[in-house]
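Here's the structure we're looking at; comments come further down.
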Amino acid sequence: MSDLVKKGVDRIEWARSHMAVLAAVRVELVRKKSLKGLRIGMALHTEAKTGVLALTLKEAGAQVRLASCNPLSTDDSVSQALNQQYHLDTYARKNETKEEYYENLNKVLDMKPQIVVDDGADLIFLLHTERKELIEEIIGANEETTTGVNRLKAMAADGKLRFPVIDVNDAHMKHFFDNRYGTGQSTMDGIMNATNLLIAGKKFVVAGYGWCGRGVAMRARGMGARVAVTEVDSVKAVEAHLDGFEVLPMSSAVKGADFVVSATGCKDIISRRHLSSLKDGVVLANAGHFDNEISKVDLEKHSKSIRTAREYVTEYTLKDGRRVCLLAEGRLVNLAAGQGHPVEIMDMSFSIQALCAAHIADRHEKLKPGVHPVPKEIDDKVARLRLATWGIEIDELSAEQQRYLTSWSEGT
Amino acid sequence: MSDLVKKGVDRIEWARSHMAVLAAVRVELVRKKSLKGLRIGMALHTEAKTGVLALTLKEAGAQVRLASCNPLSTDDSVSQALNQQYHLDTYARKNETKEEYYENLNKVLDMKPQIVVDDGADLIFLLHTERKELIEEIIGANEETTTGVNRLKAMAADGKLRFPVIDVNDAHMKHFFDNRYGTGQSTMDGIMNATNLLIAGKKFVVAGYGWCGRGVAMRARGMGARVAVTEVDSVKAVEAHLDGFEVLPMSSAVKGADFVVSATGCKDIISRRHLSSLKDGVVLANAGHFDNEISKVDLEKHSKSIRTAREYVTEYTLKDGRRVCLLAEGRLVNLAAGQGHPVEIMDMSFSIQALCAAHIADRHEKLKPGVHPVPKEIDDKVARLRLATWGIEIDELSAEQQRYLTSWSEGT
Amino acid sequence: MSDLVKKGVDRIEWARSHMAVLAAVRVELVRKKSLKGLRIGMALHTEAKTGVLALTLKEAGAQVRLASCNPLSTDDSVSQALNQQYHLDTYARKNETKEEYYENLNKVLDMKPQIVVDDGADLIFLLHTERKELIEEIIGANEETTTGVNRLKAMAADGKLRFPVIDVNDAHMKHFFDNRYGTGQSTMDGIMNATNLLIAGKKFVVAGYGWCGRGVAMRARGMGARVAVTEVDSVKAVEAHLDGFEVLPMSSAVKGADFVVSATGCKDIISRRHLSSLKDGVVLANAGHFDNEISKVDLEKHSKSIRTAREYVTEYTLKDGRRVCLLAEGRLVNLAAGQGHPVEIMDMSFSIQALCAAHIADRHEKLKPGVHPVPKEIDDKVARLRLATWGIEIDELSAEQQRYLTSWSEGT
Amino acid sequence: MSDLVKKGVDRIEWARSHMAVLAAVRVELVRKKSLKGLRIGMALHTEAKTGVLALTLKEAGAQVRLASCNPLSTDDSVSQALNQQYHLDTYARKNETKEEYYENLNKVLDMKPQIVVDDGADLIFLLHTERKELIEEIIGANEETTTGVNRLKAMAADGKLRFPVIDVNDAHMKHFFDNRYGTGQSTMDGIMNATNLLIAGKKFVVAGYGWCGRGVAMRARGMGARVAVTEVDSVKAVEAHLDGFEVLPMSSAVKGADFVVSATGCKDIISRRHLSSLKDGVVLANAGHFDNEISKVDLEKHSKSIRTAREYVTEYTLKDGRRVCLLAEGRLVNLAAGQGHPVEIMDMSFSIQALCAAHIADRHEKLKPGVHPVPKEIDDKVARLRLATWGIEIDELSAEQQRYLTSWSEGT
């Protein structure tokens, strides 16, 4: 076993030993043979926790192929360990070219999957464009991210989505925690790892106050930064303001900013019109799914030189000499420059994934094409398992309290 | 003008000068004559901000009567100022007996209101029981609280609710802010005012991690307490845990607790079964609507003596000599021992109230009996007014970004 | 017993029941007869906790007289209760004129005190100017505040200080906690009580990042404010910056500020040159000892009208119409508009006071005129008593660890 | 240039571009020729920031040799880049054996240094034991750490220290920031990097509430952990309690702990007597200078197997099957599993180092053998440079305010 493969096995086993909820789910799926004989094609960030999910689906009886959902986010040690030690067909390499990236997605599709587990909806998009011939086999899919779900809803609104997709992101046990605590911690981890810069005292701008953005804002503050927030939604802007963050338009926020992190799901958050206001040495990073939140096109167009200043740091020197440091080529900084979400967070998200795959297997005949929410029972089951595996007990309503809550005649 | 009335006028004018959103709403309602000639009966905590709302409705053309929705929460200076200086019929006194309380609600109903603005649903309940004859006149109502809405939904589920009620609590601009930042700040204010005790380092238990509970937990931590949370809902329990609070059942949480604050909307949160575990000198307070979250009946039954130890502090001496300090007789501690929510918070909530009253006036013929959400336009309007009156600008999506968000073909 | 006296008794007894450290000290002083027969003159903020200290000294055998050290900070209920129920000679009234204030200090001095317990050094200053004839009797004094100690050190540097004074403020168990957690909590309490305004989201400026200033800054942040800090010391400025506060000169900080709180021990922190930058409606408050941190002279000179807008709120209308709200006439906002430091904080500070008085009684012959630090044994004793009364145990160094810490030969 | 050397050059240049204070100091030292011709021997953590300091001393005219002060903390890319690209004699490799470690220290001493820059005092200890013949040449030394200073003070107390050593750690601009914000951030970074575990919601125990411990505690809380603190000092224990941390003895604290981080400067913080209480899977890490805070001897003695579970994670399986995960072999987790303190923090500490070296060069004839504090002028200069390089302005006392602060006759 090579050192790299050994490292991958260690990381997978470390993750597995910290994914207690998924372990409980695995026992149930194996017992019920929920996925027996099914072909499942996956495109997720190929790192240790994803490996544990893929192996879980396999152990539950499925045939599984895995590719990465992002050219930069693969952990090569994990990818090789899955192939060589766990015999799980994995098509993923860190720093894939765009061609390799799509080649790998196509290899996953070549297995003629019945269920698709997607992250960003590239796999589902391929199925609806270049690989239409495979759609007949598909009984359903899961989608992991806000970005992917937005795309799918747009497809559904256009009448183009041809099979049921479960919006895994919508589960409380996913977006409350994965998008907030997961993205929050791992984004800070990625930034510190990539830069070794101090966070305390810095002016730190977060674009977007959705679940991801508030996670990043909360943790940046927790590390001592002065945090400002930009938003396009009035209610969220009021909320960010009352949470003690400065709220202002990006064109003002970038002035004097030391760090700008985008977490919006939209594009061109930092673009041409902001460049003239950036401070020399500013660090830009992205925590959203695609690498278009910070416009690399605009950065390139206005730079006189570009170089790698440090691992994960691309330094653009603008025409007037100011330097702009873009982390991880504008791709998900937590995955590309760090190790992705903490294990226990993915334990919850991937337990939802596994149970939703089983739900599709069980109920696909009743599910129409379109985007479906995660059934509440699955959400609640994962919450209960999470508390149980942590050893946390909570209160229960007494019969009397139950009665009280559904009555209306007791007043002042 | 007596000193008391002068104090009330000062408080009302101070509140008015800090309620910029409601001021903008008032201009619109006056211009549109939205409430002209309508009779509006109100039961709200009768303090300065409520005074400004009532006067706003009056200035917009309505006839208005006001009672309190809680026997302890009236600010007498405001009540008298409204009657004597502003000529607004107000029926409210601090420390009302239960008889007086209902007598005052009935005086409001005597005006044969067409719209009812309620808080806790006592007024609406009266209309459906003892004052059924008045229901014909009613075109709709607003309800302010979680507790009241729960009651009304139970009524609706029983097929008993006979007119449309707008769930004002449901507005983002209400429950996101009023229940969290309002209850959070004012509960700490009430507790500090009533006890002069240090918060820092104390073990502080919050029952319930809904919007109110998390506000209280957040502010108690902000004052330096070690905060534990109790819940009955698994997802909220996971959330509280990941927010860094200890989560455990109340029977364990009370051990060693210095403060216990209930914010659940349910009853018997502290009751007989917890008494044996309470620490000598523990402070109990309630931030939920009704005074049954901490069982006074059980406290009385197990005490050998009861005395007022300090203004707002009732000291129960249990049979074994331990002392339990209940604040504000178990009623809303922020209103009974403090001055209620901060002005700017009520500015948002009451702007929703005023606009919903106008909405009922305008649309009541299309609203069926039942509980209705606040129209999104009203929520958004208040958010935009709030930002504008603070002088905060935010970003707007460009046409290109709009297009991107509704497209689905752009991927990796 | 009048209602007011009853209220005072309740407050004193409530405080006493929460001052466990002072209770332990009292037992020791009584047993050792440490203060037997001594005349002690005190000038402290006359509220409940001070009452407990004065009564402790009396119970330990001293004759005691008490005046207030600030014209606004007296709690009349306590003052009257001390006189009428506890027979402790107390000369203090809320809202004293300057004449009354000095008259009361002189009444305390009329007893020919041997020990003086001072707060702000007005009593000691009187002794060195108008009441020089009494100095012969004095064996020593305690001074409670940074401000007073600064004055006394200036006196000592001028060769003018004629008896030993213990710098109580210097004790870790005093300034670490009283100035930080005490001033922090009580200042927020006073501001919320005086204004009923929301803290969350507000721009809150704290002048001075000493122990008091950092307490206020920490708590304002804990209530959700965006906090900026002004300083004159470079090291403290770096510290405030790295603690995540914006650091800038006052002339910039006041722009857009919603609250400005001064905690410097210096004067003219807000003065003429800042007025033109103040935002309409800004709230100014002082947490430093004297009422000259915010220049009332300058405010008056530049205002076209002045009125009481609300209890504790003086509204100055500047010539261009902007309104400036000064709390508690610029005097200590936590005492004048609130109830002063939390009980448990004063328990520590006043235990230091009582033990230092006993120290003077015991050792005065060895103490030279000048400012003396609190003996380390007293500091440590109070810390140990504090932990013990909280029921907190801590680790002890093993003999082996002790040895290790004093050895130097064990390296890598 | 190999990839490794290229990486080292990038890291050094990245650090240099973020060390603005040291850049200003360098200009001054070069201009004044402060270190011209001096031989300086250094033992510091050999990573990028240290490289910039060593190069600064060289550019200021000194001959410099550098070794590592810890067998695990070297960044090989930096070590090789210093040797090959910057021609600075560097003797350091990651994962040195104890023999290599001392061999390297001896190579530094072979240059017959006149000034020694030490971290942990191993170099100074060698000079007083095995290399006594070199002491004559030494004009003075700097020591960077609390641990080293404790050793040196013990030496001085024994009358054994034979040259002046400046206690660099004592500078406000060092221990206020390096020990708190530096250790705080980099310890979290090291732990997250080594484990990929979630911090939020975890029970996180910090041993020691000195400047390092409070930094770790503050940042662990900032990442969402529930933090408990252990102490041996009563005053610090009270402070930790009032900062909202649970304070208890280690024997209780370890129960249920997910993470235990030691930052005490003492040994055997986690030892035999705690093992039976550790939770399965607990993570132990050290942020103190030496690797004896967590007793590896005891862990080994009570384990049935030991393996590397993941890079930087040694898993000890106790005899009853519980697993204990020790990070970075119990050495400084921030340096061994992370990249050490953030650049800007070391900028301040190393500016103190450079100025103190110049101070020794200039004043050594006046400095007696013993431990000396950093001159206040150096502290203040670094603070002023720090603010200036950040572009922060602060207030200055007016002449009138100066006068006021030194007068004593202005009272109430």
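Points worth noting:
Chains here go by letter, A, B, C and D, matching the order in which they are written, and residues are numbered from 1 within each.
Please note the rule applied: a residue touches a chain if its C-beta (ideal position, glycine included) is under 8 Å from a C-beta of that chain, and two chains touch if they have at least 3 such contacts.
The model shown is predicted, which means the values in this text are computed figures rather than measured ones.
Annotation: A-D is the more contact-rich of the chain pairs A-D and A-C, by number of C-beta pairs in contact. Think of it this way: of A-D, B-D or A-B, only one pair shares over half of the B-C contact pairs by residue number, and it is A-D.
In whole angstrom, the spacing between the mean C-alpha positions of chain A and chain C is 52.
Separating the centre of chain A from that of chain D, both taken as means of CA atoms, is a distance of 36 Å. Residue positions 181, 198, 200, 221, 224, 241-242 of chain D each touch two or more of the other chains. Contact residues on chain B toward chain C in their complex (touch as defined above): 7, 10-11, 13-15, 17-18, 48, 181-182, 184-185, 188-189, 192-193, 195-200, 219, 221-224, 281, 308-311, 313, 338-340, 342-345.
Per the touch definition, chain C reaches chain A in the complex via residues 198, 200-201, 221, 224-226, 241-246. Chain D makes touch with chain C in their complex at residues 69-71, 98, 101, 120-122, 125, 150-152, 154-155, 157-158, 160, 172-173, 176-177, 181, 230-235, 237-239, 241-242, 247-250, 252, 265-268, 290-292, 348, 379-380, 383-384, 386-387, 390, 392-398, 400-401, 404-412.
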